[in-house]
Amino acid sequence: MNSPPPVRVYILTWLALMALLAATFTLAHFRLGAANTAVGLAIAAAKVALVGLFFMHLRRASALIAIFAVATLFWLAILFGLSGTDYATRRIAPAPWSAPEGH
Amino acid sequence: MNERAGWLLPAASDVAHRVDHVLFALFVVTGFTAIAIAFIVLVFCLRYRRGAKVDRSNAPANKRWLEYTWTFTPLAIFLGFFAWGAVVYAGFYGRARGAMPVFVVGKQWMWRLEHANGRREIDQLHLPLGQKVRLVLATEDVIHSFYVPAFRIKQDAVPGRYTELTFTPTRLGTYELHCTEYCGTDHARMGGRVFVMRPEDFARWLAEGGTRPTMAARGFEAFRRLGCSGCHDARSTVHAPDLTGIYHRIVHLQDGRTVVADEAYIRDSILLPKRDVVAGFEPIMPSFEGQASEADILDIIAWLKSTGPTEEK
Amino acid sequence: MSAAAIPVPTAPRESFLTEGYTIASWLTTRDHKRIAILYAIAITLFFFLGGAAAALIRIELVTPRGDLVTADTYNKLFTIHGVVMVWFFLIPSIPATLGNFLVPLMIGSREVAFPRLNLLSWYIYVLGGIFTVAMLVAGGVDTGWTFYTPFSTMFSNTHVVWAAAGVFIVGFSSILTGLNFIVTVHRMRAPGMTWFRLPLFVWALYATSLILVLATPVLAMTLTLIVIERVLHIGIFDPALGGDPLLFQHLFWFYSHPAVYIMVLPAMGVVSEMITCFARKRIFGYRFMAYAILGIAAFGFLVWGHHMFVSGQSVYAGMVFSMLSMMVAVPSAIKVFNWTATLYKGSIVFTAPMLYALGFVGLFTIGGMTGIYLATLAADVHLTDTYFVIAHFHSIMVGGSVMAYLGGIHYWWPKITGRRYSEAWGRVAAIVIFFGFNLTFFPQYLLGYLGMPRRYHEYAPDLQVLNVLSSGGASILAVGYLLPLLYLGWSLFKGPPAGPNPWNAKGLEWTTDSPPPKENFREPPLVTEPPYAYDPEHPER
Amino acid sequence: MSARPDVVPVDVPWRRETASLGMWIFLATEVMFFGVLFLAYTHARLADPQGFAAASRLTHEWLGTINTAILLTSSLTMALAVRSGWAGHRALVIRLLWATAFLGAAFIAVKLVEYRLEWRDGLVPALHFTYSGPHARAVQAFFFLYFVMTGVHAVHLTIGVALVAWLALRDRDPSHPVRRRETAECLGLYWHFVDGIWIFLYPLIYLVELWR
C-alpha cells in the first residue's frame, strides 16, 4: 500500500477486459453446444477476476479481505450446490395446475 | 371417535412400526443421555457449591482426550440414527409393485380421492387391509399435506406436479386424516377419516360405487406405463416437447407448417411421429403402433386435455 | 455475596447516562451503549406484542373447538406471533442489546467501527417495526412466518406485501449490525487482545454476525420476489409458468435455518460468561468452545433442507440434508459437555443469572435432542408440522435463548444501569419461568407424537387435557416474564449502587465504572492475561 | 459509511482498512442478494433451455455488448480516480469521477433504450406481453428475470452514479483531503462490484445460443 500501482497496469487490465469481451461475443456466434455457455461463463469469471485483482486491488489487499472475498463465493457455491442436490436428483411428473382467478 | 387408546397412538401400517422403532430408540438414547447430563450437573452443583469444603485443587481447564471423546461419540450415534432413518425413509418411496393406486387431490379445504375403478370419495378414504397402497397426490391450489398419524405417513401435495407415497395398512379401524401444510382459513378443518376394511368388505364397498375410472386417470397411467413420461416429463433429459396443456395449442412444425393440436394430431403423433415433427426437436420419438391400444390413445388424449388450462376448471 | 467485600460502592458522577437527558440526545446518539438501550426498549415492546399473541393462541387452544376466535383470526395470530418473535424480538435480542453494549467494552475499544451506521440500523429496525404494526392494524397477515408460496403469492387476501416489507426492512438492520460487529472485532481490539483472549461472548457474536451478513440478503431478495409475484401476478415460483414453489422453500430455509443459529449462538455466548463467573472457574476447553461456535455458524448453512423432508424434495437431497444436520449437532454437543465440565471443581453460587444459565443448558439440551428426532428422516415424516416441532423450537428459543437473554440482562444489569436488583426476586422469577416453560411445552411434545398438527385452532377432543396443561403453563410463564419488569423497574430508580464489579467477575467490561463513562475506559486498556482467569480455590479473587 | 479514526486511541496494524473491510463485507451481502436471482435464472433455464435460447434471441445483443464495453471502461476511469487520489492529483480525480459518472449514465441511457424496444415488441411480462410464438412460457420467464435482474442492477448503478457525482462535487472543496480517503476507495469497490454483476449478466442474457 505504499506507492500506487503504475497507470500502465490499469490500462493493460482494461485492454484485456475489452479483448475478453470481444472474444466472448465472437465465440458466441459459433455453435459449440453446451460449451457455449461454459465458455461464456468462464470468460465472465476471468473478467471479474481481472476487475477484482487490479481494479479492486485484491492483489494488494490484506489476507483478511481476500479471505472474505473467497468465502463469499464459497457461500454462493453452497446455495447453488446444495439446492442442486435436490434439482439434480428430482424427477418431476408435471400435473395440471392453474392459477386462481385474477392471477 | 377416539382412536388414541389412553395416550398411545395406534400403529396401523407397516411403516408405522418401523417409524415407531426409530422413535423409541431415539427416546431411549436421548432420554438416557439427558438424564445422565442432568445428573452430572446436579452432582457438580451440589458438591462444588460455594462454601462446601471439597478438594478444588488442580481444576482442569481442558483435556484433549475428553474433547475428542465427546466429539466423536455423539457423531457416531447421530450418524447411526441418520442411516437408520434414511433406510426407513427410502422405504416410503420405494418401487410400488403390485400397489393399488389411489389418486388424491387436495383443494382448499377438502380432500378428493379417487380409486382405480373410478369410485370417488371426499374427506374419506377406504382401504383394504394388507394391500399395498400407492397414493398419487396433486393439488388444485396451494400446498397441502396428507397426514394419517396412525399410519405415520405424511406427504405434501405440490402445485404443478404429482408426488407419491407407498404404504400398507395393517390394522382394521377408523383413523384420523389431516392436512398438515398450512393452506389458509380452514386448514384445521381440512381432514377426514381413513377406514381400513377387510379385503372382502372393501371389494364390496368398491363395487357399490361401480363407476369406471375417469379416462383421464387411466390416461395418466398409460402415459407412464408406455414410457411417454420418460421423454415428455419437464425434467426428462431427453429433449422432447412439454405436453402439458398441448390440447388446442398451435404447434409449429419443422417444415414450417402450423397445426392445431387436436385429437387427430395427437393420435398421429403417437402412431406416426415422423410425419409431423415439431420445430426445434429431433425426430427421435418412436412409433407406438401396436403398443398403444386404441383405448390407451383415447385415454391419453383425455388426460392431455385435462392438463390444459381452459379445460375442466 | 462477593459484593460484600467491596467497601460500599457509590455511583460514579459521570457516565454515558449523564451525557444528556433530552430525548434528542438519545435519538441522535452514536454511543453504542445508548443505542443498545434504544434497542432494548424497542424489542421489549415487541416481545410483549408477540407474547400477547401467544397468550391469545393458548387461550383459544384451551377448548378443542374454535370458539374464542375465528379461523382467520387464529391464523393471523400465529403469523404475527412468529414474525414478531423471530424478526423483531429474538434475532435482535442479544446481539443488538447486550452485544451492542458489551462487544466494544469486552475488546477494550471506545467505539464500534461505524457508530453512525449503528444508529442507522436502529432507525431501520424501527421503520420495519412501523410497517409491521401498521400491517397489523390494517388487518394482519395470515401466511405463517414462513410465507410459503403459492399461498402467500396468489391465495392469501391479507397484507402480505406489508408484512414482507417489514421483514425486508428489518433485515437490513440485522445486516448493518452484523457488518459493524465483524469490522469492530477485527479492527478495534485493544492492544494485547488476541483472538484467543476474546471472551466467548465476543466469539459468539462474531460468528452470529457472519451468519447475519451472509444469510439475510437471501431472505431479502426472496421476499422481494414474493412481493413482485403478488403484485404483478408473475414470478418464478408460479407453477403455471414452469416455476417451482419448492424453490421458494429452498431460498427461505437457506436463510431461516442459519437464522436459528443467529438466535442461539449469542445465547451460548452469554451462558458461557455466566457459568464461568459463578463457578469461579475457567471455561473448560476454551479453544474447542471457540471452534464449536465457528463450526455451528459454518455448518449451519448446509442443513436447510431438513425442513423439507416431506415437501416433495428429492429423496437423495433429503438424505444429504439429514446427514449434514446430524453433523451440525456435534458442535452443540461439545458445548453442552464443556459447560458441564466447567462446573467440575468449581465454587458455585446460585445467583439469578446462574439459575438462568443452568436452565438454558438443560432446556437447550432437550430442544437440541428433539432436533435430532426431526433430523432423522423417518421420524420427521411423522413429526413434521405437528406440535412436536413447535415444542422443539420453543425449547431452544424460549427455554434456551430467552432464558439466556434474561440471564444476561440480570448479569450485566449492574454494569448497564449502575444499580443492583433484588436477587431474591430474580431467583423467584427464574424458577417460575423454568417451571412455566416445562409445563407449557412438555405436553406439546406428546401432542406432536399423538398427531396434533400445528397451525390448528381446532383439535380432537381427546387431546384437550394436554392442551389445557400447556395453556396453564403459559399463564405461569406470563407471570414469570412480567416479574422482572417489576423488580428491574424498581431497581432502575431505587436500586443500590452496584460499583464497578459487583460479581467480582473477570473481563474488561468489569474494569470500568458502572455505568461506564461515555468513552468506556478512562484510560486505554492493555490486555495481558487470558480470559476467565478465575480461581475456584479463591473465589474472592 | 465513514470510520472514525479519531476515536481510535492507538494505531496498531490491524486497525487499518477499516472502511474498506466494511465495504467488502457489504459486497458479500450484495453477492448473496444477487445470488438468489442467478439461482432462479439457472433453475428456470435448465427447466427449458430451448425456451431461454429463443428468448435470448429476442434481446438486442449489440446494445448489450456496447453497454458492457461502456461499463468496463467506467471501471477503468473509476479505478484511475482512486489511484489519482493516492497520488494526490485533485484535478485529475475530479475529472475521472465525472467521466465515470458520465459513463454510468450512458449505460443507463442505453439500457432505457433497450427497455423501450422491448416494450414496443411486447416483451414486458405482466405489463405488456404479447409474444405468442413457441416456448411462450419460458420466454415470459426469461423476460421476467431479465427485467428483475437488469432492473436491480440498474438501481444499483443509479445509486453509484449519484454517489460518484456527489464525491466529484465534494472534492472540489480543498478542505477535503484527496489522499487518504476511504470514501473514494469504498465507492470504487462498489462500482467495480456493480460492473462485475453485469459481466455475468451479459453472457446469460444476450449470448444464449447466439449462433442460431
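The first chain written gets the first letter, and so on, giving A, B, C and D; residue counts start at 1 in each chain.
Operating definition for what follows: contacts are C-beta pairs under 8 Å (C-beta built on N, C-alpha and C of every residue); 3 or more make two chains touch, one makes a residue touch a chain.
The model shown is predicted, which means the values in this text are computed figures rather than measured ones.
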Which of the two pairs, A-B or A-C, is linked by more C-beta contacts? A-C
Separation of the C-alpha centres, subunit B versus subunit C, in whole Å, is 35
Contacts with two or more other chains occur in subunit D at residues 16-17, 21, 25, 28, 32, 35-36, 39, 43, 47-48
Would you please write down the residue numbers of subunit C that are in contact with two or more other chains? 150, 154-155, 186, 214, 218, 233, 239-240, 242, 244, 246-247, 312, 315
Please output the residue numbers of subunit A that touch at least 2 other chains, ranges allowed. 64, 72, 75, 79, 83, 87, 90-91, 97-98, 100
Should the pattern of chain-chain touching be classed as line, ring, star, complete or other? complete
Which residues of subunit B touch subunit D in the complex? 234-235, 239, 242, 252, 279-280
Given the complex, residues on subunit B that touch subunit A span 138-141, 159-162, 224, 229, 233-235, 242, 244-245, 306-309
List the residues on subunit D that touch subunit B in their complex, please. 47-48, 50, 133-134
Of all residues in subunit A, those that touch subunit C in their complex: 64, 72, 75, 78-79, 82-83, 85-91, 97-100, 102-103
In the complex, go through subunit C and note every residue touching subunit A. 150, 154-155, 186, 214, 218, 233, 238-240, 246-247, 250, 254, 301-302, 304-305, 312-317, 320-321
